[in-house]
Amino acid sequence: MRDFITSQFGVSVVLAFIVINVLLGAVSYCIYFERKISAWIQDRCGPNRVGPWGLLQPIADGIKFLVKEDVVPNHVDKPLFIFAPAAIFLVAFIGFAAIPWGGQLELDGRLVNIQVANPDIGLLYILGVGSMSVYGAVLGGWASNNKYSLYGAIRATAQMLSYDIPMGLCILVVVLTMGTLRLEEITLQQTGYWAGWIPQWNIFLHPLAFAILFITALAESNRTPFDLAEAEQELVGGFHTEYSALKFGMFFLAEYAHMITASAFIAVLFLGGWHLPGVSWTQPQATQWYAVLAKIVVLSTKIIFFLFVMMWIRWTLPRFRFDQLMRLAWKGLIPITLALFVLAAALLFFDRQRSPLWALSGNLVILVVALITASSSRLRVTGRQVNLPTIAPATDFVRLGRVEMPL
Amino acid sequence: MSLSPSLDSYAAIGITILMVLVVIVAMLILAHFVGPSRHGPVKDSPYESGMPVSTDARRRFHIRFYIVAVLFMLFDVEVIFMWPWATVFHHAATTGATIPLETGGVAGKGFLLAGMGVFFALLLFGLLYEWKKGAFQWD
Amino acid sequence: MTSTTGYVLYLVFALGAAGLYYLLPRTGASKTAIGATLGVSALVGLFVLLGAHGSAQRRDEVYFYLFAATAILAAVRVITHPKPVYSAIYFVAVVIAVAALLLLQEAEFLAVALVIIYAGAILVTYLFVIMLAQQPGSPIYDRRTREPFLAVVVGFVLMAMIAGRAGELPARAAEKAILADGGRNPASTASLLTGNTMAIGAAVTTKYVVALELSGVLLLISMVGAIALSRKQITSDVIRSPRRTLGQIGKEVEPF
């Protein structure tokens, strides 16, 4: 038994069990912190009734989710109605399996990875799992047989599909720099230093790719400013309008789990994963339990930072309009990421892929060209208004009603 | 475990999936049995902000969404070719390794770059064509 | 493969084809029970046959049977389910099961590529098309198969032909050996092929580079096709002017 527990497979199973439970707890507390942060930003108190500082609020919420009526309306497609939250929940909670949490641990003289699975294609595994998250939204919306739900589902799907391409290309830039699809190895390659003190994180090579990956992560998890799928003023609850009780809770938890996995993924790709600059463990200590624990804490801190930024953005930026959203993806991010891809390939061809000077100047050139092109374009960011008829006098106000809104 | 070492990772993923499935089934069963169940004609009808339901929700929608899906599919297929290329190209560029060709020569990093360059140019041309045709114009 | 085994195999396929014929959706009295019995017995027969003739007993064989059975059953549901949306979902199940089969063969990249392309892109497009074209209610062409007998016969012949050649496929180990030392420059080639993904990348961008460019051209043509398909639909409604982009519909219409 002890032999099994200390083998890589045993560690993987134990780790998977721990991470699923931690993730379940973390997502409920994410909701608490979302509310606390929103309160802080808007100068309110936030939840403060249940327990000290409202800390028991997630438990109260959980109980509420459980004891509320689980309505399955008559008009829905019942099997798919139940399948949709299960699908989105499953996809959101298995993506973490390829995340390297804390390097290697020495157990009974053997080195085991603190990672549930370290397949050759770990990066593509996360991408593949992420690409499946469309189904929860599209099936939930279709099965609900509700107009709000259907429109929300269609919006969500079109948005997720559109932002999948720049996301893939950004990650491709990392692969061209690192030459491996193993996430553990990508972390290890970022542990060096330039000039003795700047950590060799990918963010210092391709900051633009990092920024775009973060934007696409927001879009993929349907977060503001990309939460058109559940735009309350237009679509009530979006694709989960008809859901109640724990099924609604599953959609909710899945969104936060998706955020956590995406944050961990970005931290591993661009911020060196568990690497803390200035701290380097030598071999005997590097694989002890305290080192592994420290690494897990470092990675968790980076994840928490990203979560905080996501929540901060949610309570700061207004929502995009759908045409702006699509334009940003297809006319903004995709051309920029294609240019970044060409840049990464060219740097690699001239063997400059790890040279920050070349990479940063390339990024700067792309950013400047993109900004100049965007600012000299006829269409402004608020494009649609340009094409609208000129503002009519107040008596002709009715006329504006003719202009059709995009779906 | 009895599997080959490279399959160990996938077995671990499989076990993770099973664990999450247990959580899901538990949640669905709990949700079904714990909460009350009181049906009514209003509760059973689609929610349309209180308005009486006029038509079936599953209507046709705008063809733009279909174009987005098709374009995404095409781009996704193109990008999937780039993943294995990126790993090989990185290897060839950093170690100087070459791959023998059937014609007798060897393919170094230049050959790999040119091969993907042509493919990439086709992709770029497609993108520009779509752009020009207004497929990305949503307003 | 001996000829007796071959005939038994054909027999099993014929059994499966008959089962499928009864399973296909029809308007009259349902014969699902007969079809399911025949189909399951065919599947069991196939697996017994495979088990008896497995060249090397592998310990992960049980997973092969698990995923193969999942794939076949889900595939049958794809063509027998009366609702198109469910067919698409079962198609996703087929894709995932086949990806698992590929993983058992250690073809990791192919497995993930299959999931990303098929489940993540193509089937989402299918779902969109199904939603785009759906009619209220359940139309006749969803409830009835048009030519069940001919379709089953064609499928049976195809399967029998593939299975008849199955014994002639090169073994996996032999294929690997060719890949690893077929080159003139063994040292660098061997160092290249450290992983499945790299091996595929090396093959695609050197030996099959023409095929790669051709597939690029094909994808380009598909992009043109997507535009051509949708443009006709849109421009025929409101607009007479031919030179107009998709987004400009309704712009020229005067406000009343």
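Read from first to last, the chains carry the letters A, B and C; within each, the first residue is number 1.
In the analysis below, a contact is a pair of C-beta atoms (placed from the backbone, for glycine too) under 8 Å apart; a residue touches a chain by one contact, two chains touch by 3 or more.
Worth saying up front: this structure is predicted, and the values here are computed from it rather than measured.
Central chain (C-alpha centroid nearest the global protein C-alpha centroid): B.
Interface comparison, A-C versus A-B: the higher count of C-beta contacts falls to A-B.
Once the centre of each chain is set as its mean CA position, chain A and chain B turn out to be 15 Å apart.
One inter-chain figure worth recording: chain A and chain C are separated by 30 Å, centre to centre, where each centre is the mean of the chain's CA atoms. Each of the following residues of chain A touches two or more other chains: 119-120, 124-125, 142, 150, 154, 157, 161, 164, 181, 387.
The residues of chain C that reach two or more other chains are 108-109, 113, 116, 120-121, 124, 128, 131, 195, 197, listed in rising order.
Along chain B, residues 6, 10, 56, 58, 61, 65, 69, 72, 76, 83, 86-87, 89, 91, 116, 123, 137-139 each make contact with two or more other chains. Taken in their complex, chain B has these residues touching chain C: 2-4, 6-7, 10, 56, 58, 60-61, 63-67, 69-74, 76-78, 80-81, 83-89, 91-92, 95, 97-102, 104, 106-107, 111-112, 115-116, 118-119, 122-123, 125-126, 129-130, 133-135, 137-139.
Those residues of chain A lying in contact with chain B across their complex are 7-9, 12-13, 16-17, 20, 24, 65-71, 73-75, 82, 86, 89-90, 93-94, 97, 116-120, 124-125, 142, 144-151, 154, 157-158, 161-162, 164-165, 168-169, 172, 175-176, 178-181, 236, 241-242, 245-247, 249-250, 322-323, 326-327, 330-331, 334-335, 338, 341-342, 345, 348-349, 351, 353, 383-384, 387, 406-407.
Residues 59-60, 103-104, 106, 108-109, 113, 116-117, 120-122, 124-125, 128-129, 131-134, 136, 182-185, 188-189, 191-192, 194-195, 197-198, 200-202, 204-207, 209, 212-213, 215-217, 219-220, 222-224, 226-227, 230-231, 233-234, 244-248 of chain C are the ones touching chain B in the complex.
For chain C in complex with chain A, the residues that touch the partner chain are 85-86, 89, 92, 108-109, 112-113, 115-116, 119-121, 124, 127-128, 131, 195-197, 250-251, 253, 255-256. Against chain C, the residues of chain A that register as touching in their complex are 77, 79-80, 83, 119-121, 124-125, 127-128, 131-132, 134-135, 138-139, 142, 150, 154, 157, 161, 164, 181, 387, 389, 399-400, 402-404.
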